[in-house]
């Protein structure tokens, strides 16, 4: 018997603290699989954000840093500038990356910092109790938009991948989704490319991962995936927004 | 005799503290002319940044706020949300707006805050002694890039107008330049449009003004304008990047 | 015949595996595990193609899939 | 004939007006003002079209331009 | 009089609102009361619990770190909190979901198949109230009348139709407690 | 011995480097020295100035708020700083650019057409050193030898070709001072 | 009026609304989230604004703008977020803008945790931002007191044109207690002629500013602020004394730890131990007068804090060496247990001097 | 070795380079700009990195990353920028990362001005960020001392795994003084087995972290930190005493104001007035031992600060009511004048007690 599917080695064998059906878990696994596949585990360093994935430093078995909210790209910059031959990645939520950490992500991209960002867009601040994120959809009800997000009051969701692609320092930017197997497979490819871009020293790489938060969306897991598909995909087109000539 | 050119009324009659040939002065005048022309002086509120133009609150004769470095858009948000029938504008440098204030400008734009931003891009931190700004050109020598800005070390300049245009909340974004009379005229038109967008309640409006800093570029004023034309225009295309359907 | 192993104590009963199994082989057990969830399990394993779709969609890496190691051709 | 008035004490001698006057009518004075700059001034005012380009480019609003108020047509 | 009641279970089992109902009832009866939930990331997908204090004197810390009464709606809660109950305290175990017994011998444990009983009554959602009924019966910390009054305050108007079934649940729990009261001493 | 020397002029007139040369010379002679510029936004397009302290004892504040010697390279500097000179102090005025006289009568003022003299010598850039020469001659705060030595340290190697003309300027200033020394008392 | 059961965080929100606050700018953080949740619903009901900012830095600067425009405005956060606001707070104090800042303290330093703590005492009372400035700092100890102090917070803030901080922790924020909130009344808002609202009808120009580039002017501004602070120190010290009559030892504690100390005092008194409690309600100005009033009669003070010892410095400064000041603290989100404090009290009373 | 003339800000840079610092992350601000300018040139010469961050918040977090990776790293700013770093500083302290932070203080609060000041004393010594933590704070008073203390700053930082702050002001930063910097030597850098540099060769996993979600663990961490701080307090207090023999009044001042106080002491001594100076070199730990050593012999202390009175609290806490502590200060960027301090001294000596 050959194992066709097993836990990647880069993930410590312990249960996740995530909610049932939370796709943070899938995203973790994909990252770990890519690290295994590229055989870079020993030189990989993870930077955890503040958000539901704050404990990802426990799960990824590599060396890790727990960064202050939104500043993972600055922390990663510090690490990578000292240890330029290591592989560094941040794992950030949309509150972390697209709200408080806007300055840090924009300028890490602008400087072409040679690390990889896994950006989990679940359209909500999950850890703190389901508040509106910059990525929350128009009309979306959250604990701080009890009447639904309204453009007049709260503006419109930000498309980070598109925005960062404007910057010359961004080498690779793609948006993927985890709402079904085909997309999970595509997500894995994008994550792999992003790490490859880093290993090749080509600059800043980011994969935006549309992810479900059943708990804070107030939906059972399967309905959450459906909501993602029906609503998020409309506003957040999937695809590669930027890729270096060197990498296919 | 008819005055074909005189000091706009919205500018207090006092000398600027700016260096010889500094185009901050021209930008000030254009803003004041537009305020006069639209007859909005009494309800206009200026938000001054930290930068060479920190004292612009002295020059613009309207009510004014001096904001902390980079946070003028947040301050303007606070003002405008309280006084929604006033006309609020920020006047910010590229260190202020494109570096430390990245988060604030991106999210003011994303929220579609209904105020106007005059963004002076002079490719340098002028007030603090000529350090590299996020907008400094590749190869440009500054006090912190003594060997010229290098993409590998410092990344590449950010094009804020293009970047902010990606956001749905941005109603108007244009880049203009002050290096010769024809462009000054165009700059004035763009500034007027930006204020008109605000008055019409259409959302966030910004005019990026390419501006000369002879002192920190180490060039006499005329050579500075030439440098702007020969170098900045290449990297920073002029034009309107976004405008609402409602306004021509 | 492939082997699909569920680490029952880790299952959170989210039903993603069940939903995406192309053959519809995953069911949720009646009992609950220590975490209070109805864990998933495979029935009619003989129909399983070993495609590992269930495993791929499981957020909690509950599922391991093994397949006969047959050489192609 | 247009009138071009320079507020000499405010002039910083940057020469923008001089450079952009389409008629080349602006010169820098030999003397320096209280701020230590050679101020600008117009010569041959009779050639001046009152286009106000000089004023438009002056960062320090040193220049005021007046023109005969003649109706067109 | 002082009771520190800890109610613990899965998120979604209504643990927090049951605690609020109890606190409200205490207030209605003119006691000092405080309610406090566990909060923050430990909520994620895991257990939820809250502490309710009902006392004659002002309440110092509302955190119930040494409960006089523990209600466990699931097994992890029993495993986690059994040890902190004061000697002589009471533990209510939702035996529909908890298939183990309390290990301590210096407390009184009371097993109630709350989910099963609730289903019988007609709504799985009132399992907590079954236990609440038993608690009131056994401790007299509040009166049933106070709880009934409080239900009108705690439930939003569009849920007032649920009040009868809630009362039924309380009564069922009380009944069971009355029955078992005698046997309890032995369990303890 | 204590001299607090304030040198003021337009930005670009070499005011700061002249101050550094003076401080360096003091150091070469084994004195306590300190140099401090005005800094920050007031530099923008405006005046530049620096303070140099040369003393036998450790220097408390390097800020020269009450100069014993004032060098004014332009008119605004004279207007601004004349009043802070200690009674009995010396003011050097660059009369090439300053067309007014010092108003105070309790200080000694010395007028040197530094730019004109510098042009004569062959470089407008050494105007400051003309005044420096006069200052040294009048106060003896440092020796010409020390200044010469310091020039090699203060000027970057590719500027060492400028040393002769600098020395010439110092000498010219000193010469003028010697000439006028007598008349100074009257001015004071 | 009947009592209702209310959560501390919601009480902050309701208290603010009743005090006439109509603008809230903030960024989510545990353990104060119920406050934004509450106001996101409540503000629209009263024609007010709840706006979620992109960060705490943005929040505090939005507050700056709204306060300058004359609004009653507040923000709220916890430890890390409050740290990020320090520059903005210094600006607010420098520009003399009134506003209310809530800090529901959590365990630190760094990310720490979200459990209740009092380890931001220094930051709040000594000035975590740059420059010489002071916040008025209020520390309620019950949900009812939260409601009452919110009114005072806004009033003091307007009266002195100074930011006011309300400090609590997760216990106060998360707990529900009975409160009497009374009928809603129209809040009386003071005139703010200094606000910069535009020069409508040719009004005199107004400037909201903290820049004083000339040191002499900046010093004058500092002296003016200092005078204001001295006035506040004189007029606004508040504290509660609990069973201090005849006390030989006085516990000093605020907020959550003061609640626990009260029951310690009760236990002690029951046993005949002469122990009382001084509960600072204003942390700045620190109730020096309260300490001074007791200094002759008591033999020692025991400061009880949920930190490693911060307020103790103010107690010592007030006692000025006249009586020993002891410390008992728990840190990192732990809450002191009455029994442990009691044991500490006994130890000290039994002669474990200084 | 011959002396050279060097600017204070450049001396910070050169001192850092000589101490083996190879990473600088910072954001421009007056009055410390010459430091980044210097390092932008100097770092590449020694194979180091000067990187300009997009903000102070980013700088301090880059420092966090680089420090965690085992580098000797520093950042620099002034008042407003340091305020923005407070969250990051709390994280650095929480994660026990060594680094050096320079604050060239300017007039405040708010934007204030760029003139020399000492009004960030509280922020630096009491903790402007959230949670219980301490920085080691060094205050040089001359350009030579800057060079020397930079070495100590990095060494202390590594020794205790704690951020160290060097505080100066525009006078120290902008002035040039003669210094002896000696020949360049290879700096001795300590091993950092705790650094998270990747698990090359299967190394044990390392984590750089300040999160302790379980209060018990967070308390244990706080107790561990507190023990470290106590050790530092015991071992690292530093101060200079100047003419304190037989002094009846001792001035207490640091940095720029201490320079001025020295000349005040000289003037006093010349006139036969028994006045001396205690100059704290470590502001935290505050040289309590220095005060204690003098407490019996002196009659009073006069604290002289360039602020409205901050260090005076530590002087008072050290004196503990045994001797009166007076205050003289200038604020907003003003520098005290020797003559004025002298007058103050005379006034107090002539019986203007407490």
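Which chain is which? They are A, B, C, D, E, F, G and H, in the order written, and residues in each are numbered from 1.
Criterion: contacts are C-beta pairs under 8 Å (C-beta built on N, C-alpha and C of every residue); 3 or more make two chains touch, one makes a residue touch a chain.
Just so it is clear, the model here is predicted, and its values are computed rather than measured.
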{"item": "Least step count from chain B to chain G, where 1 means the two chains touch", "value": "1"}
{"item": "Between A-H and B-D, the pair with more C-beta contacts", "value": "A-H"}
{"item": "Where chain D and chain G are represented by their mean Cα positions, the distance between them in whole Å", "value": "60"}
{"item": "Separation of chain D from chain E, taking each centre as the mean of its C-alpha atoms, in whole Å", "value": "88"}
{"item": "Junction residues of chain B - those touching two or more other chains", "value": "18-20, 22, 54, 66, 68, 99-100, 102-103, 106-107, 127, 134, 154"}
{"item": "Residues of chain F engaged with two or more neighbouring chains", "value": "41, 45"}
{"item": "Of all residues in chain D, the ones touching two or more other chains", "value": "12"}
{"item": "In the complex with chain B, residue positions of chain D that touch it", "value": "2-3, 10, 12-16, 19-20, 37, 50, 52-53, 55-61, 63-69"}
{"item": "Contacting residues of chain A [partner chain G, same complex]", "value": "50, 54, 66, 68-70, 95, 99-100, 102, 125, 127-129, 131-132, 134, 143-147, 153-154"}
{"item": "Chain H-touching residues of chain F, taken from the complex the two chains share", "value": "20, 23-24, 27, 33-37, 39-41, 57-63, 65, 153"}
{"item": "Contact set on chain A toward chain B in their complex", "value": "99-103, 106-107, 110-113, 134, 151-152, 154-159, 162-163, 166-169"}
{"item": "Interfacial residue positions of chain G with respect to chain B in the complex", "value": "23, 25, 49, 51, 53-55, 57-59, 61-71, 73, 87-88, 91, 95, 196-202, 205-211"}
